[in-house]
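Given below, in the form of structure tokens, are the structures.
In the two complexes that follow, chain A is the common piece, with chain B as its partner first and chain C second.
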Partner chain A sequence: MNDTAKRMLGKAGPFFGLILVIALFAIPGESREAFLSYHNFKIILTQTVIVAIGALGMTMIIVSGGIDLSVGSSIAFTSVVGALLVKHGWSTAPTCLATILTGGVIGLLNGTAIARLRMTPFIITLGTLGVARGSAKWLGDNQTVNYDSSPINGWMTTPDPFSYALPAGVWVAIVLAVITSLVLNNTVFGRHIFSIGSNEQTARLCGVPTQRLKIAIYALAGCFFGLAGLFQLSRLRQGDPTVAIGLELDIIASVIIGGASLNGGVGTILGSMIGALIMAVLRNGSQQMGWPTYFQEIIIGLVIIVAVFLDRLRQGKQA
Partner chain B sequence: MKQTLVALFLAVIAPLTGADAYRIAVIPKGTTHEFWKSIHAGAVKAERELKAQGVNVSIIWKGPLKEDDREQQIQVVENFVGQRVSAIVLAPLDKRGLVAPVESAVRGKIPVIVIDSGLESKAPASYIATDNREGGRIAARELGKLLGGKGNAIMLRLQVGSASTEAREEGFLEVMKKDFPNIKLLSTDQHAGATRDTAKAVSENLLNRFGKQVNGIFTCNESGTAGMLLALRDAGLAKGKVKLVGFDSGETLNAALLAGDIQGLVVQNPMKMGYLGVKNAVAVLRGEKVEAVVDTGVGFVTKENFNSPDMADMVRPPLDKYLK
Partner chain C sequence: MTTIAAALRLTGIKKSFGATQALRGVSLEIAPGEVHALIGENGAGKSTLMKILSGAHAADEGTMELGGAPYQPTDPHDARLKGVAMIYQELNLALHLSAQENILLGAESARGGWIDRTASRERARAALALLGHETLDLDQPAGRFSIAEQQVIEIARALLTKPQVLIMDEPTSSLTQADTERLFATIARLRAQGVSIIYISHFLEECRRIADRFTVLKDGETVGAGQMKEASLDHIVTLMTGREVKDLYPRTAHALGEPVLEVKAAVSPLRLKGASLRVRAGEIFGLAGLIGAGRTDLVRVIFALDELESGEVCIVGAPAEAATPHHRWAQGVGFLSENRKEEGLMLTQSLADNITLTKHETFGRFGWINGRRQRETAERWIGELRVKCRDGTQRVGELSGGNQQKIALARLLEHPARIFLLDEPTRGIDVGSKAQIYQLIGELAAAGKAVIVVSSYLPELLGLCDTVGVMCRGELAAVRPRPQWTEAEIMRVATGSA
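Take a look at the complex of A and B:
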């Protein structure tokens, strides 16, 4: 395969996948009308928000050659923190800021441990996965944290369910995706992330401050995870310490389906967003088709394998 | 120093030798649901009553570290057997997975009382639980009545392999098919998954497909009901436009019931399970006979009967009285 074809496949692969899964559910007659409605795509977009925002942070981490397994737990932890703050009478703006920063602090701790102690991201974040989950249960006193009402509750829904407006959360995800994509591709910070993902030694020799950069990446990604936690809170209208178990795998899968490489140095925000959408469309469609649950799991698993296979094809020559 | 050591030694060994000092381990499936808090409260209630009667009994409350983790619960049981507790009250996460550790406990002369969910073994001295199948039947009868015997209904399942909710689902389908032939079941094969969030996503997808046709919905546990409730509200189908009959009680569900977003809840009596679990464990230890199977009963709570005293233990368990 020549280079141009490979580049084309890399860019178009995820798009192609998304169109393929939509087409898959659009062909059969009975559920087609409900599936292909604007309203249904509004549901799919809303269901993608949390995974998408998590995937923004995860893309940066994976491009830099790292991994973060603690996302699901961070989302649960920050959503419990947010719920507690609302319960204690904090107003909306400080609550949001504190919730996002809580995620940032978890990321900062991850990044510091990884960069300064020179430990594998896999191990460090596997540890944080447990620490954050346990702390969430501790903070929530082993229960869901309930509060009366808050403006936050309205961010993942629209007052009239059948209106054409999209919930605020969807817009936030889209705007952040555009900004993150610009930062990754057009700033020194962004290019440095690619450079340490491609070859950390070379990057350091070229004067990239690798340690500080890693800490910054994990901390910034942590802020994204905190924001995802905030939207999780908005969706459930309560802080649930047991929410988002295993969500880290969905988020990592989105990034990989979107064409990023677990070896680092490769990945796009657009790809990751499409990856997240592919998984949401698959769930949504197969539920409306009435496919059994196990079948849905098998399909999603196969999609991940196919995506990684395409990744190998693309990188064939380099490897 | 020597005295302290002797005292310490006695303190450690006393529970093992003292004839009337019973240490009873109570092991739930998880610790985060309100349901398990009620079982805990019931166990504490039994402990206090027995103490008042002069029986030296203490309960040890310990769930698996992670919810729904069978391996962890097996380890908890094994650890208690290793500590030589007097008896174990267990809500098994799996009807087969927990058989081996329970049978080895019983062989070690530690009686086991099973609560909440069944265990496929003859070793436990007593089984105290809700008749889940009957709960499902009640839900079907009530939903059938709410729909006037006609229309379209959806049943949202919980998870593959969960014995108690599968029994509810079967009971529901049994009555629906037998007594309400004019109610069409639009979807009965989707699973809500473990949390409210997964349940909400599945519910949204189902409502998008069937929202215009559906008249009534049955969800078979707390998180499934809460997820469906959120989805109905978001889709503008709450307030009785679509009738929702759920299972279990809790802060969120009770409020929605009173607000008219849920038409009825089949409620169990977890406090009674915890209470009778400990009571029966002590009875077995004293060599008394206990019933092999105890049904703790279910109730159907609606907006109208919510405040009646019959429902108090089921919908408003006095947790603070026993757990604070």
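Take a look at the complex of A and C:
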């Protein structure tokens, strides 16, 4: 492979993956018609929202050389918090703000522990994974939190399910993806995230406030997870403390499929978003084909391995 | 030149990576028991050639013969088995494993998968005995040894397969004078045992001392070879650069001004035991000393990368409490790390990002970075320092070592600093670029900046500095103007034999 081809593969790799996965379900006659409809793509996009918003925060964390395993629990916790607030009669705007900030506080705690106590993100967030899940169940009294109704319920659907309009959640995810991508590539904050992921010692030596930066990254990512929790609430229309178990793995997988490196310093928002779409298309297509869920799990697992292998091929040849 | 006796003969070796032709036809011939210096500027193709020799790359064209038989290694392991071993510039040790385990790594004595400890120990001892280091403690983790001892471990590992040809890439770049002497003794021993050694170094004086013959590479071609004794250094430098380098240590006129930096009785948990110094504006201050004497610790403490246990670092015009690397840059202090791979550079990021990292804020407004201006800045330094690269968007990790060092320097020069702390600024850099860096340092001083240069290479300190301070066991044992120092005198003070 020559240099240009390698760079092309690097940029377009996830796109190829997406096309390949779509082709996988579009070619067999039995699933083509149902799968290739606008209506179905609307469903796929809607199903991607929560993982995609989570992946925005996770991309920042992984690019900075960290990891956050507590996302699934954070989403459950924040959705329970949101449900409780609605139940107690809070109006929509304060509820949203509080839910998002709850996620931010969890991130802040993660980030502070990681930066100040100099502990590895894997261990800290593995701990938070348990703490947040348990707290969600505690808050919800070990059952789902139900409420009468709220405008929040309408954000993951459209009034007419067969219209061409996309749900609010999809638009929020798209707008946030564009903003996050711009921030990562064009701001001091964004470039500093890459710098600590690429070489934390260099960053420190060059005057980047590495500790404060880490705390900020986890806190901001936490806000994204809180927002994902809000959309989780919107989708279920109740606060369920047992929701999103294992979702952190889907989110991390999206980021990795999108070309980010777990060693830090490498990754793009566009890639992560495509990664999230690939996961959703696989899930959706498998359902259309009538494949059992265990089969979906196997396929998604293999896709992650292939994606990382392709990435290794590309990176390895460069060195 | 006889053609039968060659231990290793390369003819017309060519190698391309994509569109770039790294080697355009290299020929090299080495006799048994000969120390052969391979000389060339950064990017001349030495590393590529050695990678082909040691099996990491395959040549596109050309033939290789080892001991008269065709030699085509499939990978580094195969090359070792066939009799070609390589010592890399960066040490490759598993720091948590013991010395013995490191020596035998990949070639363990085992029976049915179980390590045979007695046999292992004997083989490790035998390899060390060849080097005259029988007494090395084989059970200590490699990370506890000094750099020089680690290198001995690494050479012992290479000797395990009884190589005919041993390649040493910049073996002295992180050694002190005394350790270099020890290494030379080791090389002499190996030569006496009939091992051919390819010795790659930017230190021409060293090559001259140790090598029997030399080959000069330039732009991927052999441009000259001959007996080391018959060649003058000037002749070799002219071959390397294709032009004459008149003055390696150009002296720029500069006047010393007011003190700008003072360290008072600095004590650090590890090495500093009460070091004091004072540097004035327009002064080039050299820090000499053995490795472990605390030179690097001292500049790190000044830059607030490491913490002080007691003592004081005063930067004139800066409040004492504002002491983090972040503050130091803002106070106009710049630092160049001796360890560019691990600390100095972000290898996966672009040249432009690396050069501008300390002052991203100034490349735009409200936290947004103007990418075009950032790239223009990078292009300017690439031109000025003659960095060999594609453009400012290329990743630093893809450049050769010397060019990486230039990028680290560019970052420092780009930052508006008035005090420069340079830890081994010319490590791994070729002669032509060294002269250029000395020129830059001279210009900084002429512009009234204070420069501290830490170096293990004494001719550099004596050629460049106004004042030289010699460190010994965590203290500045002596600080004198340059004319009062000689290499021998520096070594005498550094080894504490005053």
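The rule is short, and it goes like this: the second predicted complex is superposed on the first by the 313 of 319 C-alpha atoms of A that agree within 3 Å, B and C clash if a C-alpha of one lies under 4 Å from a C-alpha of the other, contacts with A are read in each partner's own complex, and residues count from 1 in each chain.
Assume contacts are C-beta pairs under 8 Å (C-beta built on N, C-alpha and C of every residue); 3 or more make two chains touch, one makes a residue touch a chain.
Keep in mind the model is a prediction, meaning the values are calculated, not measured.
Model built by superposing both complexes on chain A: chain B and chain C fit together without a clash. By the touch criterion stated above, A:Ser74 is placed in contact with neither chain B nor chain C.
Of the two partner chains, chain B is the only one touched by A:Pro241; chain C is not.
Shared-chain residue A:Asn40: touches chain B; no touch with chain C. The partner that reaches more residues of chain A, of the two candidates chain B and chain C, is B.
Contact with neither chain B nor chain C is seen for A:Ser272 once the two complexes are overlaid on the shared chain.
After the superposition on chain A, the angle chain B-chain A-chain C between C-alpha centres rounds to 130°, nearest 10. With both structures placed on the common chain, the touch criterion links A:Ser150 to neither chain B nor chain C. In the overlay built on the shared chain, the residue A:Val188 is in contact with chain C alone; chain B does not reach it. Once you line the two complexes up on chain A, you'll see the smallest CA to CA distance from chain B to chain C is 35 Å. Here chain A touches chain B in the complex through residues 31, 34-35, 37, 39-40, 43, 46-47, 137, 140, 142-144, 146, 157, 160-162, 232, 235-238, 240-245, 283-284, 287-288, 290, 292-294, going by the rule given at the top. Residues 18-19, 303, 305, 324-330, 335, 337, 342-349, 353-354, 357-358, 360-361, 364, 367-369, 371, 395, 397-398, 411 of chain C touch chain A in their complex.
Looking at the complex, you find that chain A touches chain C at residues 2-3, 186-189, 191-192, 194-195, 198-199, 201-209, 261, 265-266, 318-319.
Partner chain A is touched in their complex by these residues of chain B: 31-32, 34, 37, 67, 160, 187, 189-191, 194-197, 200-202, 204-206, 208-210, 230, 234-236, 251-252.
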